[in-house]
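Heads up, there are several structures right after this.
Each of the two complexes below includes subunit A, the first together with subunit B, the second together with subunit C.
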Partner chain A sequence: MFQTIPADAPPAHAATALPILQLVGVRKMFGGFAAVEGIDLDVREGEFLTIVGPSGSGKTTLLRMLAGMDQPSEGNITLRGELINDMPPNRRPTCLVFQSLALFPHKSVGENIAFALKVKGVDAATRKKRALELMRVVRLPDNYHDKNVMKCSGGERQRVALARAFAYDPDVLFFDEPLSALDYKLKKALEKELKDLHRETGKTFIYITHSLEEAMVMSDRIGVMRAGKLVQVGTPEEIYGAPVDRFVSEFVGEVNTLKMTRAGAEWHGVDVPGTFTLAPPKDGAALDEAFVVIRPEYMRFLAPGDRADNRLSGAVYNEYSLGSRIQYQVRVGEKVMLVELSRAHALAPGASREVTIGWDAADAFTLGS
Partner chain B sequence: MADIALARAPETAREIRHARRLSVGAKCAMPVAVLLGIGFLAPMVAILAYSFATPRSFDVFRSFTLENFAGLFDPANTVWLSFAWSVGFALFTVAILAVVAYPIAYGLNAVFGRWAGLISVLFVFPLFVSENVRLYGWVLFFIKNGVLDGTLRWLGFSGGPEVLYTPGVTLFGMAYTYLPFMLFPMTLGLALVPRDLVDAARDLGAGRLLIWREIELPLAMPGILIGMLLTFVLAVGATAEAKILGGQSIIVISHDIEIAFTYSQNWPLGSALAVVVSVFIAALTLVALSKLDLDRMLGRR
Partner chain C sequence: MATTPAVARRRTNTLIWIWTAFVLIAVYLPIVCGALASFNKSRYFGFPIKVYATEWWQKTLDSIEIGMLVRNSIAIALLVTAISVVIATFGALAFARYDWKGRRLYQKLILLPVFFPQPVLGLALLLGFNAVGIQTSWLTAVFAHLVWIVPVVTLVIAIQVYGFDPSLEEAAYDLGCTRVQVFREVTLPLLWPGIWSGMLFAFLLSWSNFPLSLYTAGADSTIPKWLYAKMVAGYTPMVPALGTMATLGAASLLLGGGLIMLLLRRRQPA
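Up next is the complex of A and B:
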């Protein structure tokens, strides 16, 4: 069934990069409303793909179609080349870990995990053996086998849900924000464990979340969804380093966005006064109007004589501690700019609040929309 | 008026203590406690006392004898037959209703959609009409030259079946009367089965039958059991169906009790019978309730 791959083995997706799931023009209409609009996506065998988007972006609808709980209104979903649009969930070699986890409250931990085996008609002794094996994989102690699943803690239930899905031995595992109800520390720990399990089992994981932070930690690739469309698909580095538009860049985290207009060879600020130097847009488009996106950590305070491609004058009116970093809110005219510095580079307590901030063109994105 | 005066100026230390001891909760519970004391506890005490009184007398609280009970357990007495009819018919009613109500309850939850509300109301509606009136309605339906018989004759058949005043029609009447009491707890029970769990079971490869056996039925069981208990308790005490529809083709235990209190004027015997039936039903109810996890049923896990 499933075997454990040594931790030092390379990720499975590196070796076999064939598409296991293929979506072509997938659409889902609810009445006159398109929850999912024309999605094309190739999911590679063994990869950890995360679909991320705000609530209402259609990511859960997409997942329900992949799991077989909803049927697409248009388009095709193929699994290893086989059309599975109308294949019911109980016949698909896929398994979903629900947001609510959907554990069976009247069954023990072991019975929950072995449910898929019971369905297949596996005898009780083998079921127990297999359940214990899987409990070790998800780091649950053996004596939990007979424990009532409702008496387990949040993190333990998470592991039970995971083991139950593994017991089905699916080719693809879907996750519908299963970590969203957990506290921050546990969530962080489980994110890493999930990543480890992905590598150890070599299965294809498709994960849905609204938190890009979660996606960044775990994924091989990230797909960003907005209003039913996949806006960008790429590695975490690509999403972070080369967002295709303002939506993606702002979704990645807090950013400074400045609107600019071009007059000949010069760019003029719309929200802030001055002329600015812009890096050429990544797609090489010729723009008359552009948005410059600068991450707060690429902004810095300029002392007299410091050089920077672009500069703005303003006044610090707020500062927040982010632990090891400090975020400053600097008012430049009507616009508020964010500057994030490590504690070592913080403004001295007595320093003037009237500051000059600046950034280099190469550290910012120039986007058309 | 006297109470208000007392509250303003308590006269003795004992009264002050008393006024302080009565918590808000106790005060709020007062009206229902009084009602239960007079309307529920007092008759029970009276019945219990009468069951130990001298047979065929009204010497309640003044005499003590076990004769009434001894009479019931005398092999020569045929009261056990009435008891058997009552319990047997109640069990049959529960079994029939479980089978009939389950599909309706399932439909109300998962199939009927926006019609579910209206259909529920239709099932409640008969409860607004007195049970006896409804049963006489059925008599008119089944009686010779009645609705069924007359219609069949008019259509050219040889007439309706002669079912009135048989044990069978008594059972029918009981199933009809107690349907809502099975249906609504069952519907509630089924409503408490989370949709996610059914989806999850299906996703893990289970088919319809397996999902029903492994997930839906066990999770809906508290509601189903409450429905069964309720209908059983009501059906054991049923008397109108046997009398009106069954035409006394069978005698049920509550009918015996009624006779003892009315025609034979033997209150101690009727009381003893009532006590035996009450103890039997109470014991059964307690056993069933001890197996129920009401907290889970109400989602307070």
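Up next is the complex of A and C:
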């Protein structure tokens, strides 16, 4: 018999595989302060999971607990069903790529990469062979084997750190913002390489970053953290397309947020005048007060006769070129609304700056908080 | 007439030269004088030297008494170096690497002995040894030296500890090292320059220490103790001769230590 698999179905392994890592009610207290507050999370075998959050949201603490460098104050962390709360890092089949990379400055590129093998007592010839193999995997030239690691460039060091982690042959790799110190172009290139390596090796990657942009490019799933809690976990599309609250929606990028109150069946603007049509909230909650979040790319200028579910009148007072796109700042009363258009749809230079902007209810999110 | 910038710069340079020369002469002239005095043929100290001779150097090298006290000085310095470097390495890690309750107090307390007047420290230790009934000898001097030298060496090594990223140790631990392997593979090699300087400091500070040895070495003599005793009574040019030898010994140790350091750096991967 044949089964039809919908195009947007997750890969088979993700649906069927048992979680490789499981967190239940994990908390970490420092004195009276909870850095991580009750995290429940299942990490699937082979997935690329990114935890994003602003600095101080507890993501590094969470990662350190997963790697074994900190112990949870409460809750359980299990790896393939085994409780590993207090298992030290050297006995865990996991490896962390540090933000500072933590390359050993007194060792050559090859010695850094083969470090885990040396610790295990593997002989020198085998170590060199394996180091060279891994150098090819991360695209480092063979003659770098004996190079002083401190004389490598930022991107090369990145690759050494990655190869060193692979040499340990971990089941799960952790990344603590390893790309944050690099320039934009190199970062973009390495993000793609990391994603390729993830696919080629089939290992489970858990990556933390404060940049959602980075997370979007690489991840199978994203978890958004705020103040020690996981606010939302989902695919990049879910995070982008169905944020659970304003924090998540604003974290993804610049958005327009309007506060509304309900009077009977009608929604009235609080910051802007008028009545509006709102899509029902995704969780089906009955709200008397709501926030409407509209991404700038779903806002458009309306010509007379154009129809839209909702409209506002205002004046363009600023426009920024974002390269292929243009962002307009439109003042509506006290409120500034953002409209982002591709260059092809830009306002003509001579056109009036007094504009009507609008959006459709289905393109916006209705959120309770 | 106004001074041009070029003239002003020349004047500044001249002043710098004069100042530097003055400092260097003030520091090194006494050592040179000591060396010259040791080459005086006459038994009595006085400039200008009428006849130069190396006989007092020969006598110094031949003296059994001096041979013994040089051996004492070396034995004390070596033992102090060995013990202090072990205590100070772990002390420096506690000082600079680990966060623990009472660390700030420890950081202050460990440094205090450096600022004690040494004669007072020596006297206090002597009274202490007497009180518990320990016969003073070169071994008690080793203990006294340690009280003063361990803090200095701790500080020297702590500077090196501050300079290295603690995540390096975590990385090694994460890559499968036991605690011992982390220490051997990462901590020790990275602290090595600091440990090496600490060892040189320990040896040289012990080698040249007079006040602590005076009080706590008992009947055993050391080079500084002997120099003092002979200056007080029984001067011969053997005093400056031995003093110059001790200085040369220290200088060559420092030079050798620096060279070894340089060679070790060279051995790192290109």
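Just so we're on the same page, the second predicted complex is superposed on the first by the 353 of 369 C-alpha atoms of A that agree within 3 Å, B and C clash if a C-alpha of one lies under 4 Å from a C-alpha of the other, contacts with A are read in each partner's own complex, and residues count from 1 in each chain.
Operating definition for what follows: a residue touches a chain if its C-beta (ideal position, glycine included) is under 8 Å from a C-beta of that chain, and two chains touch if they have at least 3 such contacts.
Fair warning: this is a prediction, and the values are worked out from it, not measured in the lab.
Asks: What does the overlay on subunit A give for subunit B and subunit C, a clash or a fit?
Replies: clash
Asks: Taking the superposition as given, does A:Val160 touch the first partner, subunit B, the second, subunit C, both, or neither?
Replies: The answer is neither, since A:Val160 touches no partner chain.
Asks: Applying the touch criterion given at the start, work out whether A:Asn148 contacts subunit B, subunit C, both or neither, answering first, second, both or neither.
Replies: After superposing on A, A:Asn148 lies in contact with subunit C but is clear of subunit B.
Asks: Just checking: does A:Ile77 make contact with subunit B only, subunit C only, both, or neither of them? Give me first, second, both or neither.
Replies: A:Ile77 contacts neither subunit B nor subunit C.
Asks: Quick one: classify A:Ala67 as touching subunit B (first), subunit C (second), both or neither.
Replies: After superposing on A, A:Ala67 lies in contact with both subunit B and subunit C.
Asks: For A:Tyr168, using the defined touch cut-off, is the partner it touches subunit B, subunit C, both, or neither? Pick first, second, both or neither.
Replies: both
Asks: Examine A:Phe115 and indicate which partner it touches, taking first as subunit B and second as subunit C; both and neither are also allowed.
Replies: both
Asks: Determine, under the contact definition given at the top, whether A:Phe98 touches first (subunit B), second (subunit C), both, or neither.
Replies: Both partners.
Asks: Intersection of subunit A residues contacting subunit B with those contacting subunit C?
Replies: After superposing on chain A, subunit A residues 67-69, 88-90, 94-96, 98, 100, 102, 104-106, 115-116, 118-120, 164-165, 168 contact both subunit B and subunit C.
Asks: Along subunit C, where are the residues that touch subunit A in the complex?
Replies: 165, 167-168, 170-178, 181, 185-186, 189-190, 268-270
Asks: In their shared complex, at which residues does subunit A touch subunit B?
Replies: On the subunit A side, the touching residues are 67-69, 88-92, 94-96, 98, 100, 102, 104-106, 115-116, 118-120, 150, 164-165, 167-168.
Asks: How about subunit A: which of its residues touch subunit C in the complex?
Replies: Touch residues, subunit A against subunit C: 67-69, 88-90, 94-96, 98, 100, 102, 104-109, 111, 115-116, 118-120, 146-149, 151, 164-165, 168.
Asks: Inside the complex, what are the residues of subunit B that reach subunit A?
Replies: Within the complex, subunit B touches subunit A at residues 194, 196-197, 199-207, 210, 214-215, 218-219, 296, 301.
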